[in-house]
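Labels for the chains are A, B, C and D, by order of writing; each one numbers its residues from 1.
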Amino acid sequence: MTEFVSPEIMAGMIPSGIKLGLVPDGSGSCPGMVRLLIDQGIRDLHVVCAPIGGMQVDMLIGAGAVAVLETSAVSLGEAGGAPCFGRAVRNGDIRLLDATCPAVFAGLTAAEKGVPFMPIRGIIGSDVLANRTDWKVTTNPFDDSEKIVVVSAIQPDITLIHAPEADRFGNVRLGRLREVMLLAHASKKTFVTVERLSETSLLEDEKLAAAVLPAMYVSAVAEFKNAAWPTGLYAEYEVDDREVQDYAQAARTPEGFQAYMTGTRSAA
Amino acid sequence: MTSECTNRELLIYTISRLLTGVRHVAVGMSSPMPAAGAMLLRALNKKHSKEDVQLSILGSIAHNAFTSGAEELFDCAAQGRIDAFFLGGGQIDGKGNVNLVGAGGYPNSKVRWPGSYGSAYLYFLVPRVILFREEHSPRVLVDQVDFISAPGVSEEGVYRRGGPHALLTNAALFSFQSDVGRFRLESVHRGHSARDIQEMTGFSFDNDHCEVETPEPDAATLALMRGQIRTELAETYPLFAASLPDAA
Amino acid sequence: MTEFVSPEIMAGMIPSGIKLGLVPDGSGSCPGMVRLLIDQGIRDLHVVCAPIGGMQVDMLIGAGAVAVLETSAVSLGEAGGAPCFGRAVRNGDIRLLDATCPAVFAGLTAAEKGVPFMPIRGIIGSDVLANRTDWKVTTNPFDDSEKIVVVSAIQPDITLIHAPEADRFGNVRLGRLREVMLLAHASKKTFVTVERLSETSLLEDEKLAAAVLPAMYVSAVAEFKNAAWPTGLYAEYEVDDREVQDYAQAARTPEGFQAYMTGTRSAA
Amino acid sequence: MTSECTNRELLIYTISRLLTGVRHVAVGMSSPMPAAGAMLLRALNKKHSKEDVQLSILGSIAHNAFTSGAEELFDCAAQGRIDAFFLGGGQIDGKGNVNLVGAGGYPNSKVRWPGSYGSAYLYFLVPRVILFREEHSPRVLVDQVDFISAPGVSEEGVYRRGGPHALLTNAALFSFQSDVGRFRLESVHRGHSARDIQEMTGFSFDNDHCEVETPEPDAATLALMRGQIRTELAETYPLFAASLPDAA
């Protein structure tokens, strides 16, 4: 049921206007694919960062592809603030849904479990809550004296991740990054680029199985070596600090961002 | 070995004191000073046969025992398995509110920081949250934050078993009094006076004539920091470790 | 922080009157320890089956150790109905909290996430719901027209499981049985018997890590070979069908149950 | 090969017909007949180049792709990733209510069955739930169940996208009409009459003079069942597979 396609064909399967799930840099981020999406002129995305965004999200914002951004933070890590994000916020170019990490996970858990909402402690009294119309304060049904927040389910149309390995059946090894598993469960479709394909089933090895996203969640797989560059891939390769710093420097102006995007090789 | 305690060493030592008694402390990936403080407490406890201190460094492979994804930290905190955590913030105000989002309006903030991360949650659930921000200025320590990422105190009817425990900066150490929702100056670091602190702080606080100097590590502790702790730190924070004085 | 003890000492650490979490036969069941608990005269347990019970639960009931039973089912599988369970139900010897599997998981998830309740679809109109005072029907806070069930958190005092392997640091390999992970997260303490101890850390191998329950949840570990006999251990050894059938036959009367328990070797 | 279709083979074939169009079917570990029906559909679809059928056998290692624990089945159902499931029951009544708990009072039931398992949930969320119980008697097919593990229909305001699709027994096949909450006799298996079915059924149902005989597999399908399907079944259900006619 999983389709095996080229990165270019996969990019073509991701239309404008969808709710797109993305993971933090280094945890399955896929700037290689993001650049293909930008090249094809993708627009009007509602990006869900699970739970925070990095360089790949900043690039999408810089390219004008993001209409709504749902995130607990956007940062380039050691390289500092995300320049296109900061600019877009200042200029009011994106609609912000500021969140807090566990509330994003709670919303994804609601979608995973097929319930319309999840309760979550904390948050009350923050301006994060004050600015979220899709979160509410209710009463604990088992204790009238407790006020508690409920967040609504978050179901991305498509989640896009990069992973070390998929097998020929569409099963994908995620390792211990189970938050990526949660995001895939919560999403209608998940598209995965991988460093390499395994000819044997990843589910056959009992020691490995708990680290594997089953094919039933995986709509398409594309082999795309180094697609996480320069953001790195957990337990595979490190972030390219120098490259991210170069980006951070260049993207301080819209012109610099454009020059970086046209002048710099992508992972492909 | 004979050189004086540096400001960074004082902060690390102070963090270790603030963590006294905790069993499990979590720190962010880019937080070498809190990690160093936790490592120091762990080493001191081991030396004095006190209880183990578990340190989870988020994002680290070696110093992170979580196996259920990034949500496990938050679940663990809710289960009461995490005793201490650190928060910074672009602004911290006199009521203990922290702002990690931005200054100058919202949503179109003139200055935008990354975002609230887990603060709006962990501040309620981790018993001992240590506010740690090296810069001590009226720009950071404000009377009222522009955006409340996480509030310092909560009203009746809101589940809250955690919150601000202390505020540590380059210049001073405050405790937080949750009953009145105000900071109290506990000690001033060598080289500063209470008067300095008043001028450098944008909010009013109790005990503002405090004359206590922040205690510095003794020679044995300083030696431990410059030897074992520096080596342990180097595994995860090589650049930071290299910036600290060594035992030579 | 994890203590390493003998099975006998571990049994002594499990007192009467607690809420005890147990898993299904073959998924980490530990009849070897259950027999030690019975030998020491344990009483008044509130047993939480996550989500169903088998032979080990039937033995606890037969021994009169169970006051409250919270479960979605009790069965001996191929060997048929659970005889002590059926008898106790008929005689009113135990207080029943009949559940449905996903509601048990929802209650455990609430405890795992530190929230007082979880919403769950379905269940409305069933007599399962009608008999649970700790479940309620509320309104979906985001859609007034929908009624939805909320179940309260389930937090066992102690969970007792058998697993293939633990390391010297207290980390335990569960394999793909992530429902056992959920139960351990939800419980105040988890006690684990294992087939064998590993001298190297189970968390060092990235491929293995997702299958491992970290030591911070594990209060004590005891090496106890074959402790899942005769119920079997997933991916390690099969159920001993003949033995379970013998038990099913013997336990049809209280006297037969007593004779079985005194006359049959345990795993030890 | 030339021998007639047995009752079990008819049931397996009928199950495969009831599953037509599904992409993912889940069956319990002790449910060889539903598994066989799903395997047959999968083989027939492959033969006719129709869509893949995924079969998840709960508790099986080889035929189970779940990697997030026993809760994943329920999560998957809620996500709409499971199209069909099977339920039995100690009692099934004319309104489609199922009872897996017990007969003769509650909680101190005179006859206690294992319990509701996931029925109270999956019955609401899996679009096509097939009630499968070989015994066709007034003892099982009752007017009103003693305990509702899962109700056949729900009132307005209750989220429900699944429910009973059909009821298959040794003797007959009923469809369920969710608009009126009643069964309709669709066909009677060879050797029985509609009159028999009326007598053997403890509830009233529509079309009770039905003269349709349950269709039997053609020779090619029967050959497929006795060859490939029997072999596939043997991996998971060796005793059951051995009890079926073989191709020899």
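As a working rule, a contact is a pair of C-beta atoms (placed from the backbone, for glycine too) under 8 Å apart; a residue touches a chain by one contact, two chains touch by 3 or more.
Given the structure is predicted, the values throughout are model-derived calculations rather than measurements.
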Chain-contact steps, minimal, separating chain D from chain B: 2
Distance from chain C to chain A - Cα centre to Cα centre, in angstrom: 36
Whole-Å gap separating chain A and chain D, where each centre is the average of the chain's CA atoms: 40
Separation of chain C from chain D, taking each centre as the mean of its C-alpha atoms, in whole Å: 29
Residue numbers of chain C (touch at least two other chains): 109, 113-115, 120-121, 146, 148, 176, 178, 181, 206, 209-211, 235
Contacts with 2+ other chains: residues of chain D: 61, 66-68, 74, 78, 125
Complete list of chain pairs which touch one another: A-B, A-C, A-D, B-C, C-D
Footprint of chain B on chain C - complex, ascending: 1, 111-115, 171, 181, 185, 203, 206, 209-217
Chain D to chain A touching residues, read off their complex: 23-24, 52, 54, 61, 65-68, 74-81, 125
Residue numbers on chain C that touch chain D, as the complex places them: 24, 26-27, 51-52, 71-75, 77-78, 81-82, 85-86, 89-92, 95-96, 98-103, 105, 109, 120-129, 131, 145-148, 176-182, 234-235
Chain C-touching residues of chain A, taken from the complex the two chains share: 106, 109, 113-121, 134, 136, 138, 140-143, 146, 148, 150, 152, 173-176, 178, 206-211, 235
Of chain B, residues touching chain A in the complex: 30, 59, 61, 66-72, 74, 78, 100-102, 106-110, 112-125, 147-151, 154-155, 157-159
